[in-house]
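Scrolling down, you'll hit the structures one after another.
What follows is subunit A paired twice: with subunit B in the first complex and subunit C in the second.
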Partner chain A sequence: MIPPLTTPLLESLWILAAWATTGLAGSWLVLRIPALSRFLYGLLALESLFMAHSGFRGLAERSDTRLVLAGGIPGLPFHFRQDPLSSFFLLLLGAASVGTLIYTGGFMKNEPPRTNALFFLRTALFLSSMGGVFLADDAYIFMLSWELMALVSFFMILTERKREDVRRAGYLYLLMAHGGSLLILFAFALLASHGSLSGPHSLEDFSFFSMSKTLLSPPLALLVFLLAVLGFGAKAGILPLHVWLPLAHPAAPAPASALLSGIMLKTAVYGLLRILFGLEGLPQLHASFGIGLLLAGGVMALFGILYALLQSNPKSLLAYSSIENIGIILLGIGLSILYLKTGHPAAGAVALSGALYHAMNHAFFKSLLFLGAGTMVHATGETDLNRMGGLLHKMPLSGLFVLVGVFSISGLPPTNGFVSEWLLLQATLQAPSLSGTILRSAVLFGAALLVLSSALAAMGFLKFFGIGYLGQPRSEGARDAHECSLPERIGMGWLTLGTLFLGFFPAFVLSGIRGAVFSLSGADLPSFSHEFGWTWLLPFPPHGPSTSPIFLAGLLLLLALPVFWLARLPGRGRRRSAPAWGCGYPGPTERSQASAESFAQPIRHFFPVFFSMKRHIPTPDDPDPVFSLAVEDPHWPLLYRPLFRLFSLVAESAEKVRTGRISVYLVYSFATLLFLLSVLRWR
Partner chain B sequence: MAPHTHILLNRLVGFLGSALLLSSFAMLSMRRMSSLVRIFALQGLLLTLGTLSVAIVAGEPHLLFSALFTFIFKVLVLPIILFRLLERLRIRGEVEVLLNVPTTMVVGLFVVVFSFALASPISELASTVSRGLIGVGLAALLLSFLMMITRKKAITQVLGFLGMENALFFSAINATYGMPMVVELGVAFDVLVGTFVFGIFFFQIRETFESFDLKHMDNTQTE
Partner chain C sequence: MAITSPSPAMVAVEAFQLLFVLLFAPLLYGWIGIVRAFLSNRTPAGLLQPWRNLLRLFRKETVLPEGHSILFILVPPVFFSVIAGASLLVPFLLVSPPLAPVADAVTLVGLFSLARMTMALGAMDVGTPFGDMGARREMMVAFLTEPATLMILFTVSLWSGSTSVPSIIRSLTDGHDPFHPSLLIAALAFILVFLGENARLPIDNPATHLELTMIHEAMLLEYSGPLLALMEWGSMQKLLLYLLIGIDFFAPSGMPEDPTLLSVLAGSGILAGKLLLLGSGIALIESLFAKLRIFRVPEFTALAYLLSTLGFLLHFVLEV
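Coming up: the complex of A and B.
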């Protein structure tokens, strides 16, 4: 007996329940019959597919339904709502997790049943709690899902909990996640109390509907904005709260990283959009909030990609690149607030859809790349790019998938990364229509940061692919690498197809995003109703120039054909294998290839202010010359370590109060009692 | 009831209250352990009589039961348990103090003044016949607390704790004619069980430290 799924919201809620029950029942089954795990992951993927369908339906119908379920706390039943924004993120959650789930079935098959079962349970609950975040329509169910998500992801990071670095990373993540939750809760409390200091009148004030009616004074509106940005920023990795990301991702197994980076970071984007546009509401925002977010995002993007370039662990490289991509998304959101508040709705809508588009893209290509990094690590047994190399020959298909991901994340023309960055750039090009030097220069500064970081991204991922997949194998492990299992290839293939689809059919995707943008900002995208409109990217301004990814792809193919033809034509230029040209050097070995560090050397040279480097160059007469270089995130020595020192200083002085004598403790209670009583009496 | 009886009983309640306060001071100043327990029993008796007279003056029949329970627990059962404890643990020595008795008494005087200042608005709000005595209850409560602070031995701590419970009970009766019956019963049993647990603890403490001095129970210092 299945009740009719009349609305997408009902369908989504059923899938949340299905995920959770599959997780509970499935983990029990996996523990007994480990061989089943592959099918059970398939089942989860099927449910994800339904979730994607529900999100798609919601976007196509532009439905906005609410549902109140019994439960929750007295006075505040569970409120759910699926509006176009939720639908968009549910589509992202469903569609991107399908590939990761199929992949996980192959990735985890050699793990002991206990590990496998636990990971299965955590994955399923993780998906379910993220869905809960997207569907929540009151602060209680939102925080409940949000905290469940944080806890489950903490345990996913701790899959290899025996390792010291994994535990450290997990602990740091938990700390950041809870600190962020606290700020978010505070923001909700401010919204629920309608700006009055006496607090909310009833629990019903904590429903999002009631919060969205709140009128705040300008300082309080700013406070809510800051709390939301910092609270969700702790999850999304906004500077300087990003330090957990590059530690947690190398610690977690690849599928967990893919879900964390590909999807969980988007819950923070969703939360930010929901609070800023949905609850606080556009009228209460100020253009300067947009400038702040724009600059924060731009700096984050540049910082993230500079550090990504320096990493030689592929997963930390991807983690820093996530910081860059979230920076780009925040930049887009900031840009849209700025335009919407200065009376340029069309440009604001373009910027917002660019940000949403980039969120969707990032979910696909970052999941794909994390899974690719997982196969690299699995196949070679190495975690350092300097000990990989030449993998494309051993793993042609997964290498090809990773190549597509690399193209996309670099924003090269026929791929999806290009589309979203193009949209954002087009929005920044509307800067001349703004009035005021500060606004204009902020937008142009953001544009410069955006362009610089996407160019650097191309370089970073050239390093990722070039050092990892091309050249000669640099270690025994890389020499003995093997192609990954079938489910892993299917999972990566799904994400690759999704990436290509998002790149080739932007008009189709934008028609979906449009609904979400309209429901958020009340501004509509410029219409694109000309002939073969679906092949073209949004022309902006409406009659301005545009571009078509399909056309570009055709052009590239046309240009590549003669080269291909010359190389492969039978009879001409027979293929032969010969040793690589050693530039005249007689004994080239794999050690003489460019290493991950040498590749990034120019960047270290050009941007010294961003790095805190410790370099040791041996003198010519050193009998035991060792060159060493250590680059550290400057946030550790400049912010976190002094903070920790201050914290332990305060804690140690507080320790003096704890004498250990019962009588003294009784005196404390006595004094407190007297004090509180006198406060009560002579207030 | 005849009005003069009424006035007489009202006076009696006032007298019992001041006697209770006096007994609290007595507990603070006692130097022998066995007299401390006797005063505790006396305090229980005063409490019983106080409850009884409030019950008659206010015409609250359920307070009669409260008085009965108070009598059984605080005048008979608890003192008997405590005396047995003293006997079996062979405690005869003097009460050891952290702060000498005269100083404690002076501090106690200030505490009483503070309590009356604190209770005056509550007394105005309360509608009971014996509302003037809320300050007495508070003062007795704080004095018992003071005893817990200034004494060294574990048994005196327990007596201070029981004294606090007596004072709370007294305040509750004077402010609102007592708590609901169920709550009072529960509290009474809690105190009884607590005393048993304390008794078992005392044996354990003596086994471990061969002394009741609180300093042996002090938390181990860090480092």
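Coming up: the complex of A and C.
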């Protein structure tokens, strides 16, 4: 018997099941009839649309429903819950994945059926497991979905598993994902073991409901905070744990990158919010946790965008930019903890909604840009920006979509990136209401890093678009580029529309986010009661400044129309074409254009502390005078390689005990036995 | 904060603001030229010279470089209208022009970076080395001046706790202690930002003919005719708007509250006086300093960024 879809939770659970079944049945079908794959991806997209509907419904009704299903382990049935926070992230999952799924139908059509079928199965399971993370209400189902998600995404990265760099990237990802899971598990264990108010411990302690009743001592609260930040940070790419991101994204196919970066990184944000605000609970947090998160986020944002600027592979550029964006989201969360814990609920609510808004924005424009990078790579057969160029001529429509993404991620008004940046900046401006120079300086520092990294983002994405899409083709591949297939354009178009919608109607989006913010923090956003309230961003503080992106866009359009006429003043006849002037230098070639590295040169010189550079400038008598430059992420030489060396050292010295003679092994066993017995006796 | 239904007076104020910026911006350029010529003992070209240049450009034919895309043609009108749109939103004739609530100061800064980004895209469209170089250098200047502008704006908004420009002006005019160290530092930073953002002398020589030292001009090299005129005119307006924002933040006295004809006229008289004075100041700075080497430019803009952050910090340490 099918239960009626009375609550959004039931609808969401049904879609999880539908995704999984479509994946299983569909991959079998694709294997037999490959032509069907486009329609099957369409079916998945339709299910995503329903998921978006369910999330939207949950936000609109502000419903908070729980459901306990039989199954799980003895003593701990499956707990599910869809509260406004889950609804928000389910909406994000559904709405952003629609575009990527439609796109994938076109993207994978030339792959062999086996690859296509496997990718279909993995995509569907990936979506289903991410939905499971958002709906889980006990540690068991949460970790189950979380690990399934990690595993499936590992296989998605390994789609081109024949390549050595892909396998390395996949392995590093798996390592990081599992290390992170261990920390999360430990955090859950701490919460559960201090959970039960009365009576003996039972497995019920692992349900989120009983975890949220935990009372922790301050050091334990700090420990749980650190475990959660590091555990989820490994997935989100928090600073020393980010190294897998820039390797995994260029390795994975574009739709996989779009899902990984656009949506999976948000599961980490969700998990962090759930543990900090939901399970540990606001009363047990401390303002200094907020400061820590704020500063970590700010530094991460700056670091991410500086390295993004240096990349000449478009997908590594986007991967580093994801680190920046997650940094901005963490900065917002830190800011909100700081404000909420010092008794400024309104400012805290604005900061938190800025962080959530940015998460939603990032899901849309980063998916869009990753898909755009996928079309660039597909169309040219090149993976280096230095071998692209002039693609706007060949791919006008997808170029236009990418341009929208570029403006949004650079935070320019009236796009959505600007809206979330505006919210966060307004929140930082409430610093004077804080008491104490440390708190204020921390907020000030955060604001300074936020504005700096967003200005750098504009530079980085000018490079991305200018080198890739503008100028003249730099290689044969770029000269023969072609526009992408129809499903690819539809998918990118969906994401573009979503990006524009998020930019133009912030009040509408915020009315949804409000529910999630209220359920997390108990604080509400200031409301705007006016007949044209929907056109405005937030007034903050009450009756303070606001801004209206849609009005601004209208105004600009209104002004632009007469100016277009002005630009055509001399009429059609007096317009002619001539070779580009270029200051009269003869024979400009495509090689005289700026390269991707030259764009980053001023940045490399200005922030030398961030980069470990190896430069070789040949001397005049060098027989092989080649200039070379290698920039490496400093985390490799300073942290990871020494760590790996230490591991192999320990492993090698452990090797020495293995002699291969059975008598020695017997002695080992005997000694261990004696030792254990003596320990027992002694206790 | 809501926009009330448009009354004729309000429409007139906005139209007058737009006209003022459109017409006065080239004149201000001319004025700076006159003062510079006077300071270096040359014969000035006259107040109307920028206008004569613009009108001549509008009459010329457009030469489009081969291999350009549609973006190349779209950029100048978009750039121009973004700047012209900003002139409707910045208060200068009245403390609170009717459209001011549409954009707070953060949005204004955002509009300027939107204009900058479109211009840089236009410069990179054809793929000539100078266009690319100009775009890159422009972003190299901007990545520090833009955050500096925002930090300055945060500093001045600390008194009102709001980033809407009218409330900033009101909080700075209604009988505070007139001297604030943080405002002084912010004003210093603003001068540096102004010079960097508008391609003025220590950063960029607007009258240069050496392509290799160009920043702003290098981006316009491929444009001609009306398209070039739009770019030039837009840049002139941008300079004027930056001055107007500076006046709003640091010297707002004399700006009328109510939209009566007399007060607006008196206010615009005072405003014109301030602008002429500031224009002379720019000319003086440009006559006194030589152009910086391009590698020294980030140090200059970094100074602006640090000063603006320091201003913010000083407010917390000294003034609260």
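What we mean here is this: the second predicted complex is superposed on the first by the 654 of 683 C-alpha atoms of A that agree within 3 Å, B and C clash if a C-alpha of one lies under 4 Å from a C-alpha of the other, contacts with A are read in each partner's own complex, and residues count from 1 in each chain.
To be clear about the criterion, contacts are C-beta pairs under 8 Å (C-beta built on N, C-alpha and C of every residue); 3 or more make two chains touch, one makes a residue touch a chain.
It should be emphasised that the depicted structure is a prediction, and the values quoted were computed from it without experimental measurement.
Enquirer: Could you tell me if A:Leu677 is touching subunit B, subunit C, both of them or neither one (first, second, both, neither)?
Expert: first
Enquirer: State whether A:Phe126 touches subunit B only (first), subunit C only (second), both chains, or neither.
Expert: In the superposed model, A:Phe126 contacts neither subunit B nor subunit C.
Enquirer: So in the superposed three-chain picture, is A:Leu462 touching just subunit B, just subunit C, both, or none of them (first/second/both/neither)?
Expert: A:Leu462 contacts subunit C only, not subunit B.
Enquirer: Looking only at contacts as defined up top, I'd like to know whether subunit B or subunit C touches more of subunit A.
Expert: Touching more of subunit A: C.
Enquirer: Going by the contact rule set out at the top, does A:Arg658 touch subunit B (first), subunit C (second), both, or neither?
Expert: first
Enquirer: Quick one: classify A:Phe365 as touching subunit B (first), subunit C (second), both or neither.
Expert: The answer is neither, since A:Phe365 touches no partner chain.
Enquirer: Which partner chains sit in contact with A:Leu666 here, subunit B, subunit C, both or neither? Use first/second/both/neither.
Expert: A:Leu666 sits against subunit B, while subunit C stays out of touch.
Enquirer: Mind working out whether A:Phe107 is in touch with subunit B, subunit C, both or neither, as first, second, both or neither?
Expert: Neither partner.
Enquirer: Using the superposition on chain A as set up above, list the residues of subunit A that contact both subunit B and subunit C.
Expert: On subunit A, no residue contacts both subunit B in one structure and subunit C in the other.
Enquirer: So in the complex, which bits of subunit B are touching subunit A?
Expert: Residues of subunit B touching subunit A: 98, 114, 117-118, 121, 142, 145-146, 148-150, 152, 157, 214-215, 217-222.
Enquirer: For the complex, give me every residue of subunit A touching subunit C.
Expert: 389-390, 392-393, 396, 407, 410-413, 418, 422, 425-426, 428-433, 437, 440-441, 444, 447-448, 451-452, 454-456, 458-459, 462, 465-467, 470-472, 530, 532, 539, 541, 543-548, 551-552, 555-556, 559-560, 563-564, 566-570, 574-583, 585, 588, 590, 592-594, 598-599, 602-603, 605-606
Enquirer: Going by the contact rule set out above, which residues of subunit A touch subunit B in the complex?
Expert: Within the complex, subunit A contacts subunit B at residues 655, 658-663, 666-667, 669-670, 673-674, 677-678, 680-681.
Enquirer: Taking the complex as given, what residues does subunit C use to touch subunit A?
Expert: Touching subunit A: residues 1-3, 58-71, 73, 76-78, 80-82, 84-85, 88, 99, 101-107, 110-111, 113-114, 116-117, 120-121, 124-130, 132-133, 135-137, 139-140, 142-144, 146-147, 150-151, 154, 157-158, 161-164, 167, 211, 221-222, 225-227, 230, 295, 298, 302, 305, 309, 312-313, 315-317, 320 of subunit C.
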